[in-house]
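Order of writing sets the labels: A, B, C, D, E, F, G, H, I and J. Residues in every chain begin at 1.
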Amino acid sequence: MLYQVNMTVNLPPDMPVEIAEEIKGKEKAYALDLQRQGKWLHLWRVAGRYENLSIFDVDSHDELHSLLSGLPLFPFMDIRVTALSRHPSALK
Amino acid sequence: MLYQVNMTVNLPPDMPVEIAEEIKGKEKAYALDLQRQGKWLHLWRVAGRYENLSIFDVDSHDELHSLLSGLPLFPFMDIRVTALSRHPSALK
Amino acid sequence: MLYQVNMTVNLPPDMPVEIAEEIKGKEKAYALDLQRQGKWLHLWRVAGRYENLSIFDVDSHDELHSLLSGLPLFPFMDIRVTALSRHPSALK
Amino acid sequence: MLYQVNMTVNLPPDMPVEIAEEIKGKEKAYALDLQRQGKWLHLWRVAGRYENLSIFDVDSHDELHSLLSGLPLFPFMDIRVTALSRHPSALK
Amino acid sequence: MLYQVNMTVNLPPDMPVEIAEEIKGKEKAYALDLQRQGKWLHLWRVAGRYENLSIFDVDSHDELHSLLSGLPLFPFMDIRVTALSRHPSALK
Amino acid sequence: MLYQVNMTVNLPPDMPVEIAEEIKGKEKAYALDLQRQGKWLHLWRVAGRYENLSIFDVDSHDELHSLLSGLPLFPFMDIRVTALSRHPSALK
Amino acid sequence: MLYQVNMTVNLPPDMPVEIAEEIKGKEKAYALDLQRQGKWLHLWRVAGRYENLSIFDVDSHDELHSLLSGLPLFPFMDIRVTALSRHPSALK
Amino acid sequence: MLYQVNMTVNLPPDMPVEIAEEIKGKEKAYALDLQRQGKWLHLWRVAGRYENLSIFDVDSHDELHSLLSGLPLFPFMDIRVTALSRHPSALK
Amino acid sequence: MLYQVNMTVNLPPDMPVEIAEEIKGKEKAYALDLQRQGKWLHLWRVAGRYENLSIFDVDSHDELHSLLSGLPLFPFMDIRVTALSRHPSALK
Amino acid sequence: MLYQVNMTVNLPPDMPVEIAEEIKGKEKAYALDLQRQGKWLHLWRVAGRYENLSIFDVDSHDELHSLLSGLPLFPFMDIRVTALSRHPSALK
């Protein structure tokens, strides 16, 4: 099942650079791993913003929440989830 | 270049059913054609709503506007466009 | 899987009473049937408004959208869907 | 009487982890206790967010406020309450 | 129990004056009757708007919804309900 | 003249408890005094929130602002004021 | 006492021109009269919009509501009222 | 002086096509004329929407309002005006 | 030319009182000076809020921005500017 | 291709002045350089605010995001991007 997920990142302005870099490094590894597993289907940057538009393909709401709440940047993110269903005019 | 496009449809409540069906039929043909051309990359239904989330892959803003304003349902739609760029953690 | 569904009804002010009553009658039968099937788990009225808060228990986003778009009042409703997952502090 | 209660948690980013864990532990015990008493009827996680949708079943607004303001996480929550009444199409 | 109720009236611009007057007449009688019963505790006009701020004193959400949905102007109103509890600094 | 006043309190999360308690104590005394003078006519708690709905009865906007800006919690409050006039269907 | 009043006009698109002109003529006469009486202290057009910013100087909320609800365009206006008090840094 | 002007067009869905075309034709002539005079400095289409972003260069608010309220589509537009001043980092 | 200017002040809660008083003192002197020059035409307090409604009368957007960005409280204010033009029904 | 870019700056109130000045100096040099390259086509100040309206002329969403995320003030900005296409009534 597909979910639209919008993630906006708000790092505290006084977070030390090396801590921020460490978290971002873990986030990237985490994101690449989920993409390789086919669960994080698409990941795009919203131009001009520290925000992404993602499509997740998972089996249940519980699996989705488990994956999202495990994001290293989760405590610093505002996340919005939208359930997507098949469109009657979709080719695929 | 990729664009997130959200389309929400608002048909006038007094539109005769056969007119609505005719416009929807044209809309479907138009959507299938653009998907076959590879320009309308993804088309998902927002669950529970007469709304879709689409990803377009076109060469310019002008081409995008031309395609969208040609939608048979365009006069009855509220459309929002967001420019998407490559994400540094994207696998693809 | 559970979904929070908020439905707000907006009937056109010039809809004849007998048409409105007929649609509402069909809506009630449809709602009762889905509740008996266990798919429409809870149905509450938001006090003071022509709006409800519902919990659906279905197998997929597609099944949810199919059920919601089949509502007799669907053309006159604004519907919002929220995916609900298990809460770690929930007793059940 | 039933109330829809939405709780969104915003912990200060500089709160020490052990303090946060201690408050969350108390919150969980408090939530389990109210659920066992039948006052906190439902507790669901909004997928992807540090937010829940709850249904409370209490005798009065005063009892509701007393229970909510006693939540260990209350100072860090944004809470919205909606009064729910019986729906004429509800099976139960 | 006390409820804050905000009612905003939107009459269709093409409603004939005599129909509007008839509904308003019934509304006034209904409002006076509920005030005499002590259920509609306060009724104030929001200055400059076709809107009121009301305080209801009723036994349950169901009674409140029953009274509000019986308002002759109900089909033309947007109503918001807020549950009010006792304030620890209130004199009364 | 009557004014609807909504006050939402936002104490800084790092304010020491004894300072917060001292301010709240002064606030309560201040509120009781104005109620005894008949200027703070009603004071209700919005259920589930650190927010109140108040009705003030004072002679002028200047008097209202003077009373509100003198609230011990004023620097930590978001306040909204609405002018209320007599409703033609009000019993009183 | 001074009140900020924002009026936005929304005439129905199918209102006959001569009716609209007649109402606007009455509105102008009404506005000029209240200005001459010193009750409608300032009247400015918000550039680019069918909207005005006004300052009223009247004795009470009731008088304000009476004047505003008597506006010939009142049924077609969205009006917002804000109570203004003396500013401690004002020269006058 | 420069002004950002956003215009969103909302034609009534039941406006006859030939009337709409006539108004749009006049609008285009009007827009071209103001551009030739150097008063309508820039005119861009917001991609995917019946909306534009414009920059006007006129001598006063009054001149701006006079030009905008003279637009043939003015009765069907929602217009927002923002005053623009020189930016200290602007090259020109 | 006239401009509506809304200023809302948000001082950091941890700003020392003597610093706040010093800035406010400079702000008052600055405001009085501009009023004496006839540039800050009106200055009213929004009742119940640390916010004002002002009318400026200056020659250009640049002059307005220069005056506003020179306000001692400017770094702690949220400011909204609206261009005002002559109203056809204004007496003056 | 043209993009409308709105940038709002929010510097932390406790940022030392010399750090703020250093970042602003780099920002100005960066802005001037991009304007000289013809990529930052227009840069205007929104009157009364620490905000600008900019028009960028770049080849792709990726180039735009690269330029914007390289802004020295980027971590302290809220940025909104809107894709602009050619308007059929534009002279140029």
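Quick note on the criterion: a residue touches a chain if its C-beta (ideal position, glycine included) is under 8 Å from a C-beta of that chain, and two chains touch if they have at least 3 such contacts.
Bear in mind that the values here come from a model prediction, so they are computed numbers and not experimental data.
Visitor: Any idea whether G-I or F-G has more C-beta pairs in contact?
Guide: Pair with more contacting C-beta pairs, G-I versus F-G: G-I.
Visitor: To the nearest 5 degrees, please report the angle of the rotation taking chain F's Cα atoms onto chain H.
Guide: 180
Visitor: Quick one: chain A and chain J, Cα centre-to-centre, how many Å?
Guide: Measuring from centre to centre gives 26 Å for this pair.
Visitor: Between chain E and chain F, tell me the centre distance in angstrom, where each centre is the average of that chain's C-alpha atoms.
Guide: Between these chains, centre-to-centre, one finds 23 Å.
Visitor: So which stretches of chain G touch two or more other chains?
Guide: 2-3, 45-48, 61, 64-65, 81-86
Visitor: Okay, what are all the chain pairs that touch?
Guide: Result of the pairwise touch check is A-B, A-C, A-D, A-J, B-C, B-H, B-J, C-D, C-E, D-E, D-F, E-F, E-G, F-G, F-I, G-H, G-I, H-I, H-J, I-J.
Visitor: Which of the residues in chain D come into contact with chain A in the complex?
Guide: Its residues touching chain A are 11, 13-14, 45-49.
Visitor: Could you list, by residue number, the parts of chain F that touch chain G in their complex?
Guide: The contact residues of chain F facing chain G are 1-3, 60-62, 64-65, 81-86.
Visitor: Once bound in the complex, which stretches of chain G touch chain I?
Guide: 2, 4, 27-28, 31-32, 35-36, 42-48, 52-53, 55, 82-92
Visitor: Which residues of chain B touch chain H in their complex?
Guide: Chain B residues touching chain H: 3, 5, 12, 15, 61, 64-65, 68-69, 75-76, 79-81.
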